[in-house]
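Worksheet: the structure to be examined is printed underneath.
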Amino acid sequence: MFFASDNAGPAHPAILSAMTDALGGYALGYGADDTTAAVEARIREIFEAPRAAVRLVSTGTAANALLLATLANPWESIFCTPQAHVWEDECNAVEAMTGGASMAHVAAGPDARMTPDTLLDAIAGRGGAVHRAQPGPVTITSVTERGTLYTPDEIAALSDVAATRGMKVHLDGARFANALVALGCTPAEMTWKAGVDAVSFGGTKNGCPAVEACILFDPDPDWEMQLRRKRGGHLLSRHRTLSGQMQGYLAGDLWLDLAARANAAAARLAAGLRALGLGDTVLAEPEANMIFVSWPMRLHDRLTAAGAVYYVMGHSDDPEAPVIGRFVCDWATSEEAVDTFLGHLRTALETKAA
Amino acid sequence: MFFASDNAGPAHPAILSAMTDALGGYALGYGADDTTAAVEARIREIFEAPRAAVRLVSTGTAANALLLATLANPWESIFCTPQAHVWEDECNAVEAMTGGASMAHVAAGPDARMTPDTLLDAIAGRGGAVHRAQPGPVTITSVTERGTLYTPDEIAALSDVAATRGMKVHLDGARFANALVALGCTPAEMTWKAGVDAVSFGGTKNGCPAVEACILFDPDPDWEMQLRRKRGGHLLSRHRTLSGQMQGYLAGDLWLDLAARANAAAARLAAGLRALGLGDTVLAEPEANMIFVSWPMRLHDRLTAAGAVYYVMGHSDDPEAPVIGRFVCDWATSEEAVDTFLGHLRTALETKAA
Amino acid sequence: MFFASDNAGPAHPAILSAMTDALGGYALGYGADDTTAAVEARIREIFEAPRAAVRLVSTGTAANALLLATLANPWESIFCTPQAHVWEDECNAVEAMTGGASMAHVAAGPDARMTPDTLLDAIAGRGGAVHRAQPGPVTITSVTERGTLYTPDEIAALSDVAATRGMKVHLDGARFANALVALGCTPAEMTWKAGVDAVSFGGTKNGCPAVEACILFDPDPDWEMQLRRKRGGHLLSRHRTLSGQMQGYLAGDLWLDLAARANAAAARLAAGLRALGLGDTVLAEPEANMIFVSWPMRLHDRLTAAGAVYYVMGHSDDPEAPVIGRFVCDWATSEEAVDTFLGHLRTALETKAA
Amino acid sequence: MFFASDNAGPAHPAILSAMTDALGGYALGYGADDTTAAVEARIREIFEAPRAAVRLVSTGTAANALLLATLANPWESIFCTPQAHVWEDECNAVEAMTGGASMAHVAAGPDARMTPDTLLDAIAGRGGAVHRAQPGPVTITSVTERGTLYTPDEIAALSDVAATRGMKVHLDGARFANALVALGCTPAEMTWKAGVDAVSFGGTKNGCPAVEACILFDPDPDWEMQLRRKRGGHLLSRHRTLSGQMQGYLAGDLWLDLAARANAAAARLAAGLRALGLGDTVLAEPEANMIFVSWPMRLHDRLTAAGAVYYVMGHSDDPEAPVIGRFVCDWATSEEAVDTFLGHLRTALETKAA
């Protein structure tokens, strides 16, 4: 009953095995090894992007900040929703790595998605005279921070707004695979075919120990990205540590299988909630591997006492106060774990009703 | 015959195995797992420093820049030798992470070691009026970038200069274990007992995939260090990736055994050079696992043709031009590799002589 | 009919004369001159703050960014309203000078004032775990960017929220004198007695060529502020350029007289608008020397054609579209200018009505 | 007998008068006034550079840092001599404004001049692999920080080294006019005709209150420079404060006359030293308005007691210890002041001899 985050579960054995294999013998450091070359080529293939620049780092924060620093100037504002991970949970990493760009919010509902209209409103507040921060890149997240998705068409509509103003589009794909299998589209359709310029392609939340790929579809600023990676302390010397993981992750369809498992576990959980009559507690229709619910603190306490682990916002001393709970399933979330949790939930509801 | 760097060899199987074990099952992310707690405690124990703050990152550049950013203000100069890794090989990482501190050089000979006198000279050029960058921390490296060592007494003499001026001392210990076994002292004697305030305690160059520990003996700025780690993108979420490695590395005396092996290989290589009458080509007496030589380009070309891999400075088109070669041995460097190399070297010398 | 900004009018002759006098003869540079010492003492006296650190710079952006950089850490968020000058009109100066702090918005109505409640809401979104930017200083502006004021009691209520959380309070006083004469309180009552820690005390918008004072009531970080001023390029060498102006500005009650004149001109303008039946077009009750109105683009075009100069937001091609006009009066705004403008406005209205 | 600095003397009355005139009446702020346009045009004319971008700021540190930030990337090293003002006396302003570029030293003798050979040596230490900071712009100062000059040919030789490597050249012209009249060349010959890309064109040290012009001969990055100026807090709103001064400074040949006066005073002082048999104490042949001497602390104490004010390096308690004295003459240094000083010096020498 561990639903705290998809970075809390086990790494997948096949990925660990591939990493271990990659780390035998001698090979040049800093990415000049064969495994890294093979992985970069594999990612270009997956994205149908033969010219793309692909560089590996060990965290999603590094991937996001590195790509945004490469796309943005320090006198610009980067556009994101108020719920964006880059705003909420990266402790000013983007401001730091860009050398002082600002983050401008694009209004979003509880589904954490911006729209062309809200993006246009936000852009209108920047730029023009020299006094204003100028419009910089847009960054969106899919799966979003509230468990929803952007369809390729929705991404394309945002990219159109950006492109006509010379602004770039970055996709925080910490849960890229979860979005992809949910949408049933190709990586290319979800990214460059929809106007995305740069992707943080996540591995960590989907069974890798710690690896993310920075992808720039236009490779022109690749050297800048590499220099920024180095000066950010993000160029791993024994680089096979990163590429070995990614090689295992992308072998066969493992990465897609793992995401499908996580999504299925979340769907099972959502179905269970509805079966218990709790459909109304679910905020934003869950589309991948995350579910957000709103229920009383009292219920949260009961579930915690029963051993459930999940993230909660709005912790309160008032047992009737509503809190928002976040449930994240990962590749290893078992049907048993979901069912056990639902059992405890049923008990808690019955106790209340009794 | 692979002497390019100690990050080019294999990771040690026991370390990989420990990491794999640590990455099974569920555990909270971001360092809130038991493995990380155990590793931090183990490092405090090794350093006889029960109050020390210990935080893990994945690169030496990150460790150095993070610690120096925590110790320095952006209006200060950090003192290092001209050969220091932080100056030569980190692409302005320190300037970036400190928010614009400068690096002031302390004169050093071919042994890449500063002395109290050269440090005093450098300090004299900073500070005083508001126009000058103010004196900030001193950073030294041991094993140095030229294969030499600072004894605890030498470190203490530098620390005295710093401490009387309110300046902190950082030790870049990318090859900490190699220095320690060469000196035959304790970690405490090499660091806080000699006045060192902060250590980058390296694992990567001694058989780990990618892990370094940032150690602050005065834990007061620990929270700042943690926030800086996060905003630098250096807080790994699936943190057992780092702590698992470090746990394997520090189990028993593995870390010391590995360093002893690397040092022994280098000693065998140095002895072989002397036996071939090449003692004079060796720059700075090798004291740990690195040897620097100066010999003609012609000889370098022969060795390269024979399959030797090592780093060379001063590449030239003139076959008689002297180049500086760097040979680094790691834990896996075999006696056979050393002897094979020496055999090729003997042949090359005889060919020349004939 | 020039209402574009209070930096667009003439410098006051007495101020220019004082500056000219100060710039004769020899004196040490960088603030080590007698004029500067006298001005710093005079400001401490005016603020009844004998321990305050006072440092001069040449722009309001520099004053704000310098003070906020001294009060904030780069891993913090600074709280301001969405209309704040530091957010709207300083091109990421705060993000730059703090080394990458972020700006978090505190909700405000059309009057551009935050309240303790909206401040608390904003603070709730920051801090806690290491992932979040931590709560940093609050910055308020009075006269606000929409022409309204905070009373000392309102400031004290905000400061209470901040102080109980260890957060500092900065007052952007670009129009400090205008606020002061409108409120009828003392500088101390408007600042440190109400819990303010730092003030940008403006001269430029009230008749000085280019001078602002940075005031820190707790002088402990004064040396840091001085070093930051220098490295920001804001330490004027021929410092009498700044202190000479400020000396003239603060001589007698000139600074208060000039603000009173500007406020009176704005009051005359507001009264004229009401007399013309345009009271409803005025947004946020004008309390000092700025008036914001909302009227049709058509009317704006008529007034512009008649020679009126003022700043307009929401420029449109649609003659009926509402635009927001900003009218700023300065010390030199004459009754004639106001009346002439009102005359043109009456004509425009009558033409429309006819 | 005030030789402390050329920022310590009086501003020239004609310059003050022009500034006062410019600051009457209404004009748009932030450089959109006629005076600023006229001054920018005048500077383009003086430099025979009709396309050049010209922007005014209030300090030399701002001018240098702003131009270097516009020319450099944060992963680069900027090349300067160890005596350069940007290294010695700007408290890391360049590191700050560039977002963390580093400063690499180019060897220079006591004359503080780099040569093509020393520049090449310094460049060899940067660039290449991603680990190294990459080669960025070169910055030279003329009049140098030791009172010497670069001839146009010497500048061209340095520019050739830079240009063939894609590096830009910046000239810190804090004492541009003093160099120009000493060399007898045109502004164009001293700058863009010799390959210089950017100039900090100083006014402050030559009789202006506080104004410097940033000149970019290739105007492409002008908008970036303007945005950087704004976010650095260096865009003065009542911009006529800057342009008014500069207008007075450049009217007729005033700026050249003032520099000629300062140079003549220094020449008189140098001749007096030689006449007293102190020619050997003069370090680096004085070529403009600065003289550096080395004499005993004892002599320095005597002169100070007699009322002489000048800057000294190497202050000592030992009366026989040599100290380095810096004498700077400005436009207002009178023959009487020089002769009085020489008289005191003669007395001091005779007393010693007696």
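Couple of notes before you dig in:
All chains are identified by letter, namely A, B, C and D, in their written order; residue positions are counted from 1 within each chain.
Criterion: contacts are C-beta pairs under 8 Å (C-beta built on N, C-alpha and C of every residue); 3 or more make two chains touch, one makes a residue touch a chain.
All values reported here derive from a predicted model rather than from experimental measurement.
Although chain C and chain D carry the same sequence, what matters here is overlap: shared residue numbers make up over half of all numbers found at their interface. Taking each chain's centre as the mean of its C-alpha atoms, the one that lies farthest from the centre of chain C is B.
Chain centres here are Cα averages; for chain A and chain D they lie 51 Å apart. Between chain A and chain B, the centres computed from C-alpha atoms are 34 Å apart. If each chain is reduced to the centroid of its CA atoms, chain A and chain C end up 41 Å from each other. The residues of chain B that reach two or more other chains are 74-75, 90-92, 96, 99-100, 130-131, 134, 227, 230-231, 235, listed in rising order. Remark: chain B residues 74-77, 87-92, 95-96, 98-103, 105, 125, 130-134 touch chain D in the complex. Those residues of chain B lying in contact with chain C across their complex are 30, 73-75, 99-100, 130-131, 134, 224, 226-231, 235. On chain D, the positions that touch chain C within their shared complex are 2, 4-5, 7-11, 16, 19-20, 23-29, 57-66, 90-93, 96-97, 204-205, 208-210, 227, 230-238, 240-242, 332.
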